[in-house]
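So that you can tell them apart, the chains are marked A, B, C and D in the order they are listed, and the count of residues begins at 1 in each.
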Amino acid sequence: MNFTPASKVIVQGILEPLGKFYAPLMQEYGTQIVAGVSPGQGGQILAGIPVFDMLEQALPRVGTVDTTVIFSPPYAALDAALEAIAVGIRQIVLISQGIPPLDMVHLIRKAEATDTLIVGPNSPGVIVPGQMLLGIHPPELYRPGSIGLLSRNGTLTYEVAWTLTQSGFGQSIAVSLGGDQITGSTFPQWLQILDEDDQTDVIVLVGEIGGDYEETAAHYIAEAIDKPVIAYVAGRSAPRNRRMGHAGAIIDSQTADLGPDLGTAESKVSAFKRAGIPVADRPSEIPEIVKRILKTPARKAI
Amino acid sequence: MDLLEYQAKDLFREVGIPVLPSQCIERPTDLKALKIPYPIALKSQVYMGERGRVGGVRFVSNTIDAIAAAHSIFNLPIMGEYPKVLLAEAKYEAQQELYLAVVLNQSIRRPVILGSAKGGIDVRTAIDAMQHVVIDQDFSPFYARRLALKMGLQGNLINSFSEIVERLYWLFSDKDLDLVEINPLGVNAKGELMALDGKITVNDAALGRHPALAALDNRPRKFVLDRLPDSLTTIDPQGQIAVLCNGAALTMATMDLISQSGGKLLHYLNIGSETHHTWQPETLCDRLEEGLTMLAKHKQVKTIFVNIVGGTVKSDRIADSIARFLRPPAPTRTVSQELKISRGTPLPKLVVRLLGTDLEVAKERLASTPALVMDDLDSAIAQLIALTKK
Amino acid sequence: MDLLEYQAKDLFREVGIPVLPSQCIERPTDLKALKIPYPIALKSQVYMGERGRVGGVRFVSNTIDAIAAAHSIFNLPIMGEYPKVLLAEAKYEAQQELYLAVVLNQSIRRPVILGSAKGGIDVRTAIDAMQHVVIDQDFSPFYARRLALKMGLQGNLINSFSEIVERLYWLFSDKDLDLVEINPLGVNAKGELMALDGKITVNDAALGRHPALAALDNRPRKFVLDRLPDSLTTIDPQGQIAVLCNGAALTMATMDLISQSGGKLLHYLNIGSETHHTWQPETLCDRLEEGLTMLAKHKQVKTIFVNIVGGTVKSDRIADSIARFLRPPAPTRTVSQELKISRGTPLPKLVVRLLGTDLEVAKERLASTPALVMDDLDSAIAQLIALTKK
Amino acid sequence: MNFTPASKVIVQGILEPLGKFYAPLMQEYGTQIVAGVSPGQGGQILAGIPVFDMLEQALPRVGTVDTTVIFSPPYAALDAALEAIAVGIRQIVLISQGIPPLDMVHLIRKAEATDTLIVGPNSPGVIVPGQMLLGIHPPELYRPGSIGLLSRNGTLTYEVAWTLTQSGFGQSIAVSLGGDQITGSTFPQWLQILDEDDQTDVIVLVGEIGGDYEETAAHYIAEAIDKPVIAYVAGRSAPRNRRMGHAGAIIDSQTADLGPDLGTAESKVSAFKRAGIPVADRPSEIPEIVKRILKTPARKAI
């Protein structure tokens, strides 16, 4: 992970409405955006950022680029990401929602083969408060600090960040895996990164119903994470998901050895509790638990 | 998006997966022009499963019986759903029935092929014998043979089964499916295979690049990018509260808080996140107004809780949208005129919680309206509960 | 296997590459039922290139002129080839003509996309401006944009051109093509693209998995796995020597040696290598006999040099094949009876060089025949030259 | 490269007619064939070799396998090779001819990513005289020695091997890249391997017309190979290849910067001569040149 103010960033799909709106905000926050790409619209300038038709036109002028933030239309996002990998960029933040999941499978195979870190899709991206913004987090809700914030959603992440900020707990980083069916990175990957990150003392994991992300995370935390982790799960009152019927029943039973309630709030909360991870009942309880934990010694001896 | 059995089988036929001769029947009299020899099966074409158990499949041997059976199937709802079409299909003598599916596994983030040597109507038995193989890298037929061996298939059946898996996998991948299932996959005395039933779910996000598939189902989509849903889900039929938020997880967290505070929810509405590539500040404002109008249509809604998080859209614009909803606008704006006409009842009370925007500006703009504007989430919900009880 | 222009355009249409409205004309009177409005182009459908330069393409504005033009094109050979069909096609106003191709590059061992901003009939100009991009990993549209930029395309033409490249690449890869070319790819005043001519070569080895493509050309294949060619190539019309070897490079080396020794070659025949998965010792023996018969049919052949290298087939079996060819067999073997009937002339003299087999056994078996059996290659060729001069 | 008598070999497509004929011959020559694979025919035994439906059934019983020799039908060969790579086999010998070239492109990409050595297709394979046979070379024409023999054909390779054997020059190894349009390995790859091989003193390269294999090899030898190389090119008297016409003309001119005569015998012979490599005029001249070279010191000082 290289998310420092010195690292260079390119924005792909910079002239899409979303990119046009957020690229200048990212730049204002201090992110070093060295170029933008929008195929067929090269030659323009957006807020002082030169726009190219392709990455390979930009690179000779701006040097090695660490990260690309992709606002491209969903069916063009895989290609944009592969273009970035082809020119050696190894950190990719996919903001766009609606990327077909099989495109993501293709991209993940490629990312694994090239040791590329993918954030998203359908994600607000990454913010390192006070330093850089790679995506669409509202910076005014964040403050620098030592809480590492992980989630797979957007606005609820901002809500939790603000709750922490208000209570005086700034954040070392906030990352959302993204809300689409297939995500480019996983909780275990990020837990590992934050466990090794010197700026992070406590990890807050904001979960939600569906899938087995939180169950897997709980298992991984118990096995491999030394820093304290606090969890929160949204969706306790949500109506049960419609099953896919016949086929769905068979497929659900195959997903993992995590029992038939997999994906419900109960399943996730109890997985965290079994792993010894405190679970907040409401967002405003999160800073209270952080306070409590910071008074006691680390969960595990190293 | 789900496909009906006959639509799935059309795709199977296209990619060379063997299916029986069959014909679509839109009304019982169509059976007079049947081109398949009797005996045939008549199968209700519905999206729901388990039709076999409840009489949605009938075997008939002549036209008179067929027409009578068709009449009764057309009038038989399967879990509430009436068929618009039946499939008339030749009979097949299967010696063995297999189960085969390709699905996208969210957790492994890879396609998985599933197979059971005990397919057919008894799902429990199929599950007990289920085997799976993860398609870790690009598909190659050896993954299919791996599944065949795990299922205990032997001899040439390994190869003929693998060939079906291969074709099914390419169908899955070419058409961006979430799921494709053959159950049962019949094996006859000669060891030949036949897809006797088929189920396909196309990924909704990918439908835009498969116009021919998208045209197969005209019903409203359950999931549509960048648009409000066509209908609202009812949580508690006794509820009087409606919730409107931006973002799915925020909506759920807000509902949880209301529920924890003893509030009873009737409806919720997520007006969407900001990660669509065409998103602009107007998108949020337009949907906010449209969403409030949708919720207000339902007489039972006494209070609406608006929770908008994120500071990139200026608070004055958000406040203006809410104000436009609350104060029927000048007759020049035709869209809002229509909205006005649809409002037969007094408007629900609004508790508006805004995070990240300049709250004072919003309060000022909404000062002359009955909307309560707050920034702390827990207090706002306490206000909401109190207001609803009034 | 090459496709004709109209066949290539059918494939373009299938994958969404824009082509003009067109109609196949099998005889001039078909033009009376033309569905395309005049003016039209009439284009000779031949496998040879450069038809434009020699009158194989004519523009006409009415039925009378069209029928006359069709008559003359049907009677115009292009490099010796007469068209069986013409393509009648709408006219297109191109502002610019591009060149675009996808080929498999044997040396880089990757597909390559080629593009030139100066396409059209003047090949030299196209070549001078040619750009290429190697498809190093799985194709993705950025490779196409890379080519577009190298060609100097700008603005939205980058995207519309790339989309054509993408579709063309998938066609190339789905259908196992060796080459697919659009020249010219017309650009009109609105910046829209149109494939105005198309050339496709399907890989011969892959034809077995594209039966629909294989059916498009019934002419004898230039290259067929595991079968002798249908006709023989003439090297020197004055030559009296025919060569039969197993393996292409061995055949060439043997021809080189004969040529270096002053021998004049009429024909050569490679009876194939041993790398076909169905190969068995019988394969070599059957083809040896069949090949000798083919060569002996030509009266001008005075001597046949047989060079069989490789020891896995026992020499007695090879000798038996040669003996069967030399000594018309018993009337019970119907195949050989036919062979006998076709032999109107005395048999050519045979110099047989065998390597790797037990030469003594072969010599013994062929002792009663006029065939000379040797093992040293250089001496065998010296013998051949001497024998031919006799 | 690991082609020693101790290395374990599997034969895929062992019950195809070609496999059935040659697998026992390979075994007789000393090749350690530990298993065979023919999908749908598992359970049989061929010449004492157990036959399985899949590689992954065989491996637990026979341990790590170094090499697979593939006799599978051409449209099944890519899959067989990918199956071998998936179970960790990193030396693949493809005998079968008629594999579609785009299948080979796919396989080569995969081989490059996994550092797998591919020989073939349409190749007699590899022989290490006196030690092991991986393919269909007729062993009786070879003798152990110090000549490394490279080619891209079958029977002409045997011819040259025999010419060397007769003159008393045994071979350290003989490899044919194979005669199909796209080959799994290249002359430069093998020249490098033989340059580093302690058993090889002299390299004999048997070329033929078509493509730019020999031109590329000549260039590479001049740049990177220290051991003496002798070349021979077949096809000097062959009729010129038919051009593909219009499109062909354009494509031919693009293949490389090697001039319009690329692929002819003249082009190849002169490329070798320019690179200082002696070229034999006929097979029987090869041992004469070897003799001459072995008397003079190495072509290049190391």
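The criterion applied here is as follows: contacts are C-beta pairs under 8 Å (C-beta built on N, C-alpha and C of every residue); 3 or more make two chains touch, one makes a residue touch a chain.
Nothing here was measured: the structure is a model prediction, and the numbers come from that model.
Colleague: Determine the set of chains touching chain A that also touch chain C.
Modeller: Joint contacts: the list comes back empty.
Colleague: Rounded to the nearest whole Å, what is the centre-to-centre distance of chain A and chain B, using the mean of the C-alpha atoms as each centre?
Modeller: Each chain's C-alpha centroid was found; their separation is 26 Å.
Colleague: On a C-alpha centroid basis, what's the spacing between chain B and chain C, in Å?
Modeller: So the centroids are 52 Å from each other.
Colleague: Using mean CA coordinates as chain centres, what's the gap between chain B and chain D in Å?
Modeller: About 55 Å, centre to centre.
Colleague: Would you mind listing the residues of chain C that make contact with two or more other chains?
Modeller: If we look for residues of chain C contacting two or more partner chains, we find 137-138.
Colleague: What topology does the chain touch graph have (line, ring, star, complete, other)?
Modeller: Shape = ring; chains linked end to end, path closes on itself.
Colleague: Which pairs of chains touch each other?
Modeller: In this structure, the chains touch in these pairs: A-B, A-C, B-D, C-D.
Colleague: Name, in rising order, each residue of chain A that touches chain B in their complex.
Modeller: So the residues of chain A touching chain B come out as 13, 16-19, 21-22, 25, 71-75, 95-102, 104-105, 108-109, 121-124, 136, 138, 140-141, 151-159, 162, 178-183, 186, 206, 208-209, 211-213, 216, 234-239, 244-251, 253-256, 281-284.
Colleague: Help me check something: in the complex, which residues belonging to chain B touch chain D?
Modeller: 137-138, 140-142, 145-146, 149, 154-159, 162
Colleague: Inside the complex, what are the residues of chain B that reach chain A?
Modeller: These residues of chain B touch chain A: 48-50, 99, 101, 103-107, 109-112, 114, 123, 126-127, 130, 132, 137-138, 173, 176, 178-179, 181, 183, 199, 201, 203, 205-206, 208-209, 225-226, 233, 235, 245-250, 252-253, 255-260, 265, 273-281, 309-312, 355-356, 377-378.
Colleague: With touch defined as at the start, can you tell me which chain A residues reach chain C in the complex?
Modeller: By the definition above, chain A touches chain C via 39-42, 53-54, 56-57, 76, 78-80, 82-83, 86, 106.
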